[in-house]
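This report refers to the structure that appears directly beneath it.
Chains here go by letter, A, B, C and D, matching the order in which they are written, and residues are numbered from 1 within each.
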Amino acid sequence: MIFLRRQLPLLITFVTGVLFAAQYYVPHPRSEFMLTEVTKWLQIIGGFALVLGVTSLFHIHAVKIRRKEPGWGYSLVLYAGILGTIAAGFSYSFAAGQWVNGKETINGIMTAFGWVYLNMMVPLQGSMFALLAFFIASAAYRSFRARSREAALLLIAAVIVMMGRVPLGEMLLPVSGDVTQWILNVLNAAVRRAILIGISLGAIALSLKIIFGIERAYLGGGKE
Amino acid sequence: MSFAERMLHIDRRLIFLLIGVCTLLPLLYPVGLAIKVSPEVHGVYDYIEALPEGSIFLLSMDYDPASKPELYPQAVALLRHAFRKNLRVIGMTLWLPGTGLAEQVMTKVAGEMGKVSGKDYVFLGWSPGSGSLIINMGQDLYKAFPTDYYSQPTRELAVLKGIQTLRDVNYVVSLAAGTSGIETWYLYGKDKYKFELGGGCTGVIAPGLYPLLRSGQINGLIGGMRGAAEYEVLIGQKERAVAGMDAQSATHFAIILLVILCNVFYLLIRTSPKQGEAR
Amino acid sequence: MKADCGTLRLLAALVCLCLFPLTTSEARSQQAIVPPQNLRVLDAPSDAGGGLIVLWSEADYDAPDVRYQILVGEGAEKRMVAEFPANSHYVRDVKWPWWARVDRPDVHQFNLKSGKGLELKNGTPYTVTLAVVKGTVRVEAPSLRAIPGPNWVNWNQMNNLLLVLLFGAVVLGSIRRAKQRDIFLRRIPGLDAVDEAIGRATELGKPILYLTGAGDMSEPATIAAAVILGRVAKRVAAYETDLLVPHRDPIVMAVCQEITKQSYLEAGKPDVFKEDSNFFITTDQFSYTAAVDGIMLRRKPAANFFMGSYFAEALLLTETGASTGAIQIAGTDSDHQMPFFVTTCDYTLIGEELYAASAYLSREPIQVGTLRGQDLGKGFILVVLALGTILATGGVLFDTDWPRIMLDLFKDLK
Amino acid sequence: MSFEMLLGAWVATGLTLFIFTFLYQDNPLFKLAEHLYVGVSVGYTIVKTYDTVLIRLIYEPMVTQGDWSLLIPLGIGTLMLARYIPKGAWLSRIAFAFIVGVGSGLAIPRIVSSFILKQVEDTVRPLVSIVQGAPTFTYNLMDPTSNLNTIVLLIGVVSVLFYFFFSIEHTGPVRVAARTGILFLMVAFGAAFGYTVMARMSLLIGRLSDLKEYAVPQYGRASLWLGLATVVTLFLWSRRREEPPPDQQ
């Protein structure tokens, strides 16, 4: 049993990891066939992973409601949102004459599910992030200080780019557009390239550690 | 409390108000400032312009409603351009929450250009897996998407005639709001299947894509609402993004002003002798 | 076929002889048209099949006005599949690295691939030939047969494999070394700032707020945040300052609770440890942010720590924190949020500095070894950049090709 | 205008305004909208996953096209869900091991070619160009590929890499390189800052454009009426609270 619980997962990771890294260098149709099949599987398993992602939310809010913790009413709203959307997703569209089955439109006719999406989810998510515009403004006034030479450099570059990316800036100070282009294409590209190389080395090191069973955090979860 | 400190401690809701006004006024009373087109946006435009009729153009709309104001206009402009050039268009998304928006923009633009689903274009919808989905499409498109969004078997669609894998696609553009976007399409797609790749993205991730632009891994980049406005100018159909540019100008200048004020007051506090500790 | 060719060759020679007196000045391009020499047809290497390559020697008449035609057929019947100027399609034009080249650079090479208008089936023999056309003269080389087939190795990508193996060995080797003995890590200046902030909070008698970010326990940034929390908690315990750690992930909270408890124990102050210093708020991004902002405004902590990965909420948190006058220290690998941390916080651990700080504190061999391995990787890339630039510049200055021997190793040519 | 569209405009406007009330301060209207947002997103994810994964990727290919090999991923996916059964939780590790193993294997060589080789290849460029047959140093700043820009780029990449060196002490020339690196980093962060401001402002412009659209008489001036209603509600709410709202400063 210990083998099944502990060694087997590590063995699977090692074998699949080495196999699919090696696949990259093998153009033979058999190796390509294996890639086709297994990526198809991964796609489907990825769908199951999504289910895992949302279940903890169900649990957390269920606990809140059961214990009547402060603000449990909002948890009810959340549940209502989930159930309402699911109901809309599986309702019957009389206008289109068929079951909705998770389609936003059927033959060009908007379904109840599409309505919930366009008139609730889109404005809600959009507005949530639009709030940030206001907070950037207040932060610009209250906290974006040139605390050090480095921060000062950052702010100067920021101001130039902010000018160079809008028509008014380019009109008032035509050179700002060119300077912005140069900053983005040369200075910014250099830094991002170095960061990209660094991150890539880190990602490869992590993947190698996973394959060789040195890094096992991903196995977490279930008790032994 | 010194003057500078008092000024720094004004109610932040006044600043919120300022930004609201700076956005709203230009929207209500547009000025129509001229927009210059950058070489990054030209990269994408020129490539589509040079594609012969009937070429395959895949547009992957990898964003969710949070980035709609930036990427939706890009999608509209790109689709208009592609349909006008009579390209065969494949639409899809790697982001589940963006499925509805992607479907909406496809049907809307196709409708206004008189294009027919299945014949001139296909919307594949969303499918899980990101990287593995792209690899699977590169190996066998029909395995990755056995049916399109409307549950029509993809093998029978006229628009996909002669296409087996991503290798047969002439141009892919990913409109990305984050990871599972342009980098993913390069890493798991172009690296092996060698199609040409272009990008459109939100302002937040745009600077991070310049290394790929320089090395030619993507042949163009449409950055944020400004990029969308440039594309609208290029195809000669000025719409929401161009309309937003005046407001963008106003808010940027408001922010610049606020940053300058903040630092002036900060300097005043720092240089005033008794307020050494003030922050 | 052979006889045919012979006659043609003779004919061509005769034609040329007749023309010769008239064309002495344009000599090279007006050379005799003879069938291409050394024609070879091979299975294309490094592919999944469905490919052939055609090779033949360069000829004296290679010029833009002379054209080559490639003909392919399954039986005796052949049809033209490509036509191009005679001064194109050399081995040197094919984007393959030098080690995968099939012949000298000045030999002609044409790649036949299954695709539009041509289907090459694996295992089927095909007849291929090459013709030269100049004006009305057309000569054909003898036909050859070849069978396309799949290959087991893509030689063009061998440099990739070599680098993976090399880097893998370096990382695993460094981890092993770190397990055996201490590896030097430089002190991260940000850690001094951490100590200073704790000291200040103690002086003011105000609590300390520590956030571990949005990630779960599988993210390196979150792990680093948890390690640094251990260090902060130890200091805090020694000074008996209040510690507040609001969480977004129940598992991260459980882990951090253990770490905090352990730190208090190590500091010899288990009695001041409060079980509820780590507490869970909610998983929702903005509800969490609103709640933490509320804590900042009510409790007015003297120091705020933002470690781990952050998204759009970063600005809302640091802006509120800055407005309460707290010392703020951040450490994150979320590069999109970095500008806001740098401008609103007193000190920011940028990207990998966060992991380094955590490795420095924990001294855990796997962390330290990985960091060392990555450093060696970066060092290697630095050497390649420097040497490569010199070689590339030399190549241009002296118009030579040999720098490719090194440069091709660091290119993605496939 | 159909009733659904009118209702949709009113709901969208109302929810937008509810979210914006957060600018005044955290309040029940915002909390309501925020929780509704999380709920609707989760509901949407569930419906889409069902439709795409179960129906389009599993059921249809298996039943209508007879592709029974899909039972394997179905099995592995089910193992993943074993996480919720305390006794069988370890089974989910097999599924994770498979995903993570294949994922790591697929990633390694691709990252090397896409993000290391390609990036190194583009950084290693000759510092002179051939112009009209003679080696020349090109210094046009506006041309990203000019020799001057190549040098600047090289310095940037090298110095930033030096900054992220942890196993050597930052002294002497390394210190100079690392200091240069931090300056480059700050300029790049500045550019990101400017671009992010642009992005966030665009989001606001997008929302306000919608509100403007819904303020026309065809939509029954939804934005104006609902705006008024929101302000009144907010006012009443802050009056009803016993203690004065905590100062936002």
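Definition applied: a residue touches a chain if its C-beta (ideal position, glycine included) is under 8 Å from a C-beta of that chain, and two chains touch if they have at least 3 such contacts.
Nothing here was measured: the structure is a model prediction, and the numbers come from that model.
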Chains in simultaneous contact with chain B and chain C: A, D
Per Cα centroids, the chain farthest from chain A: C
Best-connected chain pair, where connection means C-beta pairs in contact: A-D
Whole-Å gap between the CA centroids of chain C and chain D: 21
Distance between chain centroids, defined by C-alpha means - chain A, chain B (Å): 16
Intercentroid distance (Cα basis), chain D paired with chain A, Å: 6
Sequence positions of chain C contacting 2 or more other chains: 157, 160-161, 164, 286, 323, 335-336, 339-340, 342-343, 351-352, 378, 381, 412
Shared-contact residues (touching 2 or more other chains) in chain A: 21, 24-25, 32, 39-40, 42-44, 46-47, 49-50, 57, 103, 117-118, 121-126, 128-129, 131-134, 136, 138, 140, 142-145, 150-151, 154-155, 158-159, 162, 165-166, 181, 184-185, 188-189, 192-193, 195-199, 201, 204, 206, 208, 218
Residue numbers of chain B (touch at least two other chains): 12, 16, 19-20, 23, 66-69, 96-97, 99, 127-128, 132, 135, 191, 204, 207-208, 211, 214, 224, 226, 248, 251-252, 255
Chain-level touch network, classified as line, ring, star, complete or other: complete
Interfacial residue positions of chain D with respect to chain B in the complex: 23-24, 41, 44-45, 48-49, 52-53, 56-57, 60-61, 65, 102-103, 106-107, 110-111, 113-115, 118-119, 121-122, 144, 153, 188, 191-192, 195-209, 212, 248-249
Residue ranges of chain B touching chain C (in the complex, touch as defined): 12, 191, 204-205, 208, 279
Touching residues (chain side chain C, partner chain A) in the complex: 46-49, 122, 150-154, 157-158, 160-161, 164, 167-168, 171-172, 175, 217-218, 220, 223, 250-251, 282-283, 286, 312, 315-316, 318-319, 322-323, 335, 339-340, 342-344, 346, 351-352, 355, 366, 370, 373-374, 377-378, 381
Chain A partner contacts - residues on chain B that touch it in the complex: 8, 12, 15-16, 18-20, 23, 33-36, 38-39, 64-69, 96-97, 99-101, 103-104, 107, 111, 127-130, 132-133, 135-136, 139-140, 143-144, 149-150, 207-211, 213-214, 224, 226, 245-246, 248-256, 258-263, 266
Contact set on chain A toward chain B in their complex: 32, 35-36, 39-40, 42-44, 46-47, 49-50, 103-105, 108, 114, 117-118, 121-126, 128-129, 133-134, 136-138, 140-146, 155, 158-159, 162-163, 165-171, 177, 181, 184-185, 188-189, 192-193, 196
